[in-house]
Amino acid sequence: MPAREEKMALDLGPAAELEPELAAYFEKCREKLGFVPNVLQAYAFDNAKLKAFVLMADDLMLGDSGLSKLEREMIAVAVSAVNHCHYCLTSHGAAVRQRANDPVVGEQIAQNYRAATLPGRQKAMLDFAVRLTEAPDKIEAADRQKLREAGFSDRDIWDIAAVAAFYNMSNRLAAAVDLRPNTEYHFWVRERPPAQAARGESRAAAAPQATQRQASGAGRRRRRA
Amino acid sequence: MPAREEKMALDLGPAAELEPELAAYFEKCREKLGFVPNVLQAYAFDNAKLKAFVLMADDLMLGDSGLSKLEREMIAVAVSAVNHCHYCLTSHGAAVRQRANDPVVGEQIAQNYRAATLPGRQKAMLDFAVRLTEAPDKIEAADRQKLREAGFSDRDIWDIAAVAAFYNMSNRLAAAVDLRPNTEYHFWVRERPPAQAARGESRAAAAPQATQRQASGAGRRRRRA
Amino acid sequence: MPAREEKMALDLGPAAELEPELAAYFEKCREKLGFVPNVLQAYAFDNAKLKAFVLMADDLMLGDSGLSKLEREMIAVAVSAVNHCHYCLTSHGAAVRQRANDPVVGEQIAQNYRAATLPGRQKAMLDFAVRLTEAPDKIEAADRQKLREAGFSDRDIWDIAAVAAFYNMSNRLAAAVDLRPNTEYHFWVRERPPAQAARGESRAAAAPQATQRQASGAGRRRRRA
Amino acid sequence: MPAREEKMALDLGPAAELEPELAAYFEKCREKLGFVPNVLQAYAFDNAKLKAFVLMADDLMLGDSGLSKLEREMIAVAVSAVNHCHYCLTSHGAAVRQRANDPVVGEQIAQNYRAATLPGRQKAMLDFAVRLTEAPDKIEAADRQKLREAGFSDRDIWDIAAVAAFYNMSNRLAAAVDLRPNTEYHFWVRERPPAQAARGESRAAAAPQATQRQASGAGRRRRRA
Amino acid sequence: MPAREEKMALDLGPAAELEPELAAYFEKCREKLGFVPNVLQAYAFDNAKLKAFVLMADDLMLGDSGLSKLEREMIAVAVSAVNHCHYCLTSHGAAVRQRANDPVVGEQIAQNYRAATLPGRQKAMLDFAVRLTEAPDKIEAADRQKLREAGFSDRDIWDIAAVAAFYNMSNRLAAAVDLRPNTEYHFWVRERPPAQAARGESRAAAAPQATQRQASGAGRRRRRA
Amino acid sequence: MPAREEKMALDLGPAAELEPELAAYFEKCREKLGFVPNVLQAYAFDNAKLKAFVLMADDLMLGDSGLSKLEREMIAVAVSAVNHCHYCLTSHGAAVRQRANDPVVGEQIAQNYRAATLPGRQKAMLDFAVRLTEAPDKIEAADRQKLREAGFSDRDIWDIAAVAAFYNMSNRLAAAVDLRPNTEYHFWVRERPPAQAARGESRAAAAPQATQRQASGAGRRRRRA
């Protein structure tokens, strides 16, 4: 059994020789994040598995969607909170703080999304994601209808469902192998914003609409898994 | 809201024009199964999503592994039973019946895997998959250790975890969109085997080791999703 | 401990000498079903217990009621799905297929009754039966009221409750003793109906009202327990 | 909707004219208990249903068994505690107090059987009954084995299972119809025993073996349902 | 491990020498109740812990509030029923019987508060307390709003929450140390009231408003913990 | 209904005039923490309630005990994780980071204590605290025995139970009134330690024994509630 300082509790042997496309992807992670997320390193024992995971994760989290990238991260975190997933709460909690540019809101959703001050659209989105996590067998037409009433299209509903479902997979894989998050995530976007510091307020309280802003710009674009 | 006879409860607009590789994949499904599984048709509104799903599903269920293809289907069904997923119980229940060449064992696992007469290895495998489904936050080193004691390598444990995790995703996506299984699945491998009919026994009871046999041979190879 | 091919996991000694009335009942089972259901054989170690069980089961499932016999079987299966009861899902799943004359609907209810396309009356009936199964302590006047609004009389509500309650008993007795269903049930009403085969549809989708038809006619009348 | 002072929340119309055997049974209840238990009055709208219920209940609770009548009442109460069943906790809680001749032990089991000071045999019996109530789908051979190791025969295991299963039925029927217990039960065996009063102890604490004594004697023999 | 006849399952050494204020408090208990509640004796190993507990318990249960003392006891019992706490169900069940001067209502709430015939205000109060007990993470503004609509002020809501929360603490401490209730509680207010005896009714049924009456008067004032 | 930027969702009117002892306590909070924790401000509408809360919290968390102050904070956080309590995860998560002088370990326990690398003693302690939180009715002698085997005295077991129980109270009060944590907590001990930054490791991974060190020294001593 590997030591717990390792990336995970399974010994899968040496990493595979990465296909050029995947090697380039890892290199881009190192450039932009300063490290390769451990989930990717965990999958790196097998090119086919790594490739399928990267394609699915990136399409879901970074592809075109009626959901902002921040909203998709919020779903990831709300689902991971139900499943108490250390890996995803750490990595995607960091992503929510970064995309919202708010050191508080990621914590709130990681602890209990009901404690975050969210617009009705996002509350409905997380209500659905959490119910789908807790009781998938009880989803009925009325649950989808609430999303439509909150302004989501059927295409958006697919995306909410697909992201919530994906993290129910990732949470379980991470739990099964005791996947350890890169320590760096803990330190992302933890500083009190200057204006706020002066006022003694959190940014989330001062500007709840921040949670709706979508992170953008080449400099902040980061690939996450 | 689409009628329930449709493939699912969301209206995602017309299918995308499939990329040649995916069009060929659909054609192969029609040849071998006589139909394209509805989950693939559901994903067909977007080439990128369909491709990622097919890559991941086929790698997990048909790629190299220390688990037989039947064993992977058994995990799919045991997980889907916990989540009461109509789509996956129907399609993968059929796959278990087909791969085991036994009309009974798929039913048993779809109802309660504890009711199937399984070798210790497979019992341990399903115990882990079900616990990971029900309480991912409670998986600990001792759970992995039980798999090792049942004869699984760390690489096998990854595969058990990955398949169980994948169906926790698929079950939830299917539930969220009310995905309807192709009717054909209901009729796969339902006939009483001739010898058994004469003896008045089920094949599973007569030959429990059948559940360990792996379906093989080009003629029976079918792509499933 | 008896082998699992036996009827159950307890060794209760030889069957009692059946009282004439019960012996005749067993004979009738053999004539009509081709076998004596294993639950009856399990009870056959004691005439008094067998008699009480047969009286109660037959009154509930075959006696006069505002619920059709199919509806009572649907309750049995929906309850057994919650409890993951292999015996009852197999035997009563077969009964739903037979009484509905539909190879699909029994599967749907055995997997997740919410996936079946049911008239509002039957949906309300199964919602109540399942809630009574999962959280009997939380039933309140509002739950009964929903049944009245779905068109059920107070007498019907008693019957819904009594059937749901009975299978909460039977499921637990079957689980406690690992009762094995007769293999024959697996093969009942599995054929694709001719018309449907031509159209490529399931009968349930083609004719959802089929679930409301009550099986009748001496030839199809079968005693089940 | 009938007033809550009534026997239950359903209006099933007038009681049926009881068959002579059942009328005599009611008369015996009045003689011995001073009243007809409301569950029997509830069933009295239909002779066939009442008869089946009485036969089953009396066989289980008063028939020959390796379990004492007190032990069977303890199972009834422990199961009813899980299900929070007002009717059965009141009526069978009274029965435990009476059969144990101890005003305390019935309360303990109605609140949490783990709080009662029980011999290992009875602890194992209630552990099984409660697990069968909470998670029937998870019962396995090991659960039955624990009962054998606690000294129970396979025939006893059937009886433990059958009684626990029966109260899972009765609890749900009572909950579904809001069955109200006869007020008299509240006052049975509530007095502090004289010796104990002097010592300032409960009888259960002073003589835990009392829970194994079986109430007997014609004068105290009471039919309960 | 101490014998179960002791006050609890932990051996904390001899009681501390009580500070005069606490010694006087114990003396008052003996005068009014005839005994010192075991929870206080359990805490008596440490003056600071005992004092904090007494201050908090007495403020919550006996201090000024928009809730009657009976209502606060009802919350204590409803919460303890969810947690199956033997100590609190026994001691506070007795307190409800005493404050309501009704031998039935305490049993009803200890078994399932939904079985008690309560005015809407008290039903809403217990619904909130039980939901807060079962799923504190799911409390939302709508839950508080239901209390306001039932006539409670924000100050009352604090008190409902504080009492329900306090018994979630006490129940767990009692469970953790296997705290045994004083036997005397079992015998409080068990007699059938004279008028009722003549009419053959329970007082709760005859006078449901009794549950709203607040016990008062120096003679009946008792300190409870 | 007060705005969510307020301390809580209830409007309890103006704070009471604090008794001198409590006013001094608040002043000390401002000196040492820079603010008065919102839970104390919430209680400040009533001197008696505030005093009882402060006495109990400070005795449990800062009084003499065989548990280090860090261990008591770990229990607070592990319990609050089960209950998804935003207030306590934020405030006591900060306290764990501070007392461990480790920016990572508080996150781990707030997410899933099983993901933290803990000595066996602390693992056993948190296993007990979490089980007591989730299923207090199922605690038995064997659970206490595991703590003794992990090296805890009966007096320590009381403290583990009392702290776990207390946060089951606090979590529920906070949830019921939507208590908002002071924003400052989010920023405590978030910096990557210098040595670790150079090595690219978390302190917890580098020195897991840090979790056993007890924070001390006047400068770091802070009163928390």
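Chains here go by letter, A, B, C, D, E and F, matching the order in which they are written, and residues are numbered from 1 within each.
Everything that follows uses one rule, which is that a residue touches a chain if its C-beta (ideal position, glycine included) is under 8 Å from a C-beta of that chain, and two chains touch if they have at least 3 such contacts.
Everything numeric here is computed off the predicted structure, so don't read it as measured data.
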{"item": "Copies chain F and chain A - interface residue numbers shared by over half, same or different", "value": "same"}
{"item": "Between chain B and chain F, centroid-to-centroid distance (C-alpha), Å", "value": "45"}
{"item": "Separation of chain B from chain E, taking each centre as the mean of its C-alpha atoms, in whole Å", "value": "52"}
{"item": "Overlap residues in chain A, where contacts from two or more other chains coincide", "value": "84-85, 112, 137, 139, 178"}
{"item": "Set of all touching chain pairs, with the criterion as stated earlier", "value": "A-B, A-C, A-E, A-F, B-C, B-D, B-F, C-D, C-E, D-E, D-F, E-F"}
{"item": "Residue ranges of chain D touching chain F (in the complex, touch as defined)", "value": "112, 114"}
{"item": "Chain E partner contacts - residues on chain C that touch it in the complex", "value": "137-140"}
{"item": "Chain F-facing residues of chain A, complex", "value": "4-5, 81, 84-86, 89-90, 103-104, 107-108, 110-112, 115, 117, 178, 183, 186-187, 190-192, 196, 200-202, 205"}
{"item": "Of chain A, residues touching chain B in the complex", "value": "1, 9-13, 45, 48-49, 51-53, 55-56, 59, 63, 83-85, 128, 132-133, 136-137, 139, 141, 144-145, 154-155, 157-158, 160-162, 164-166, 168-173, 175-178"}
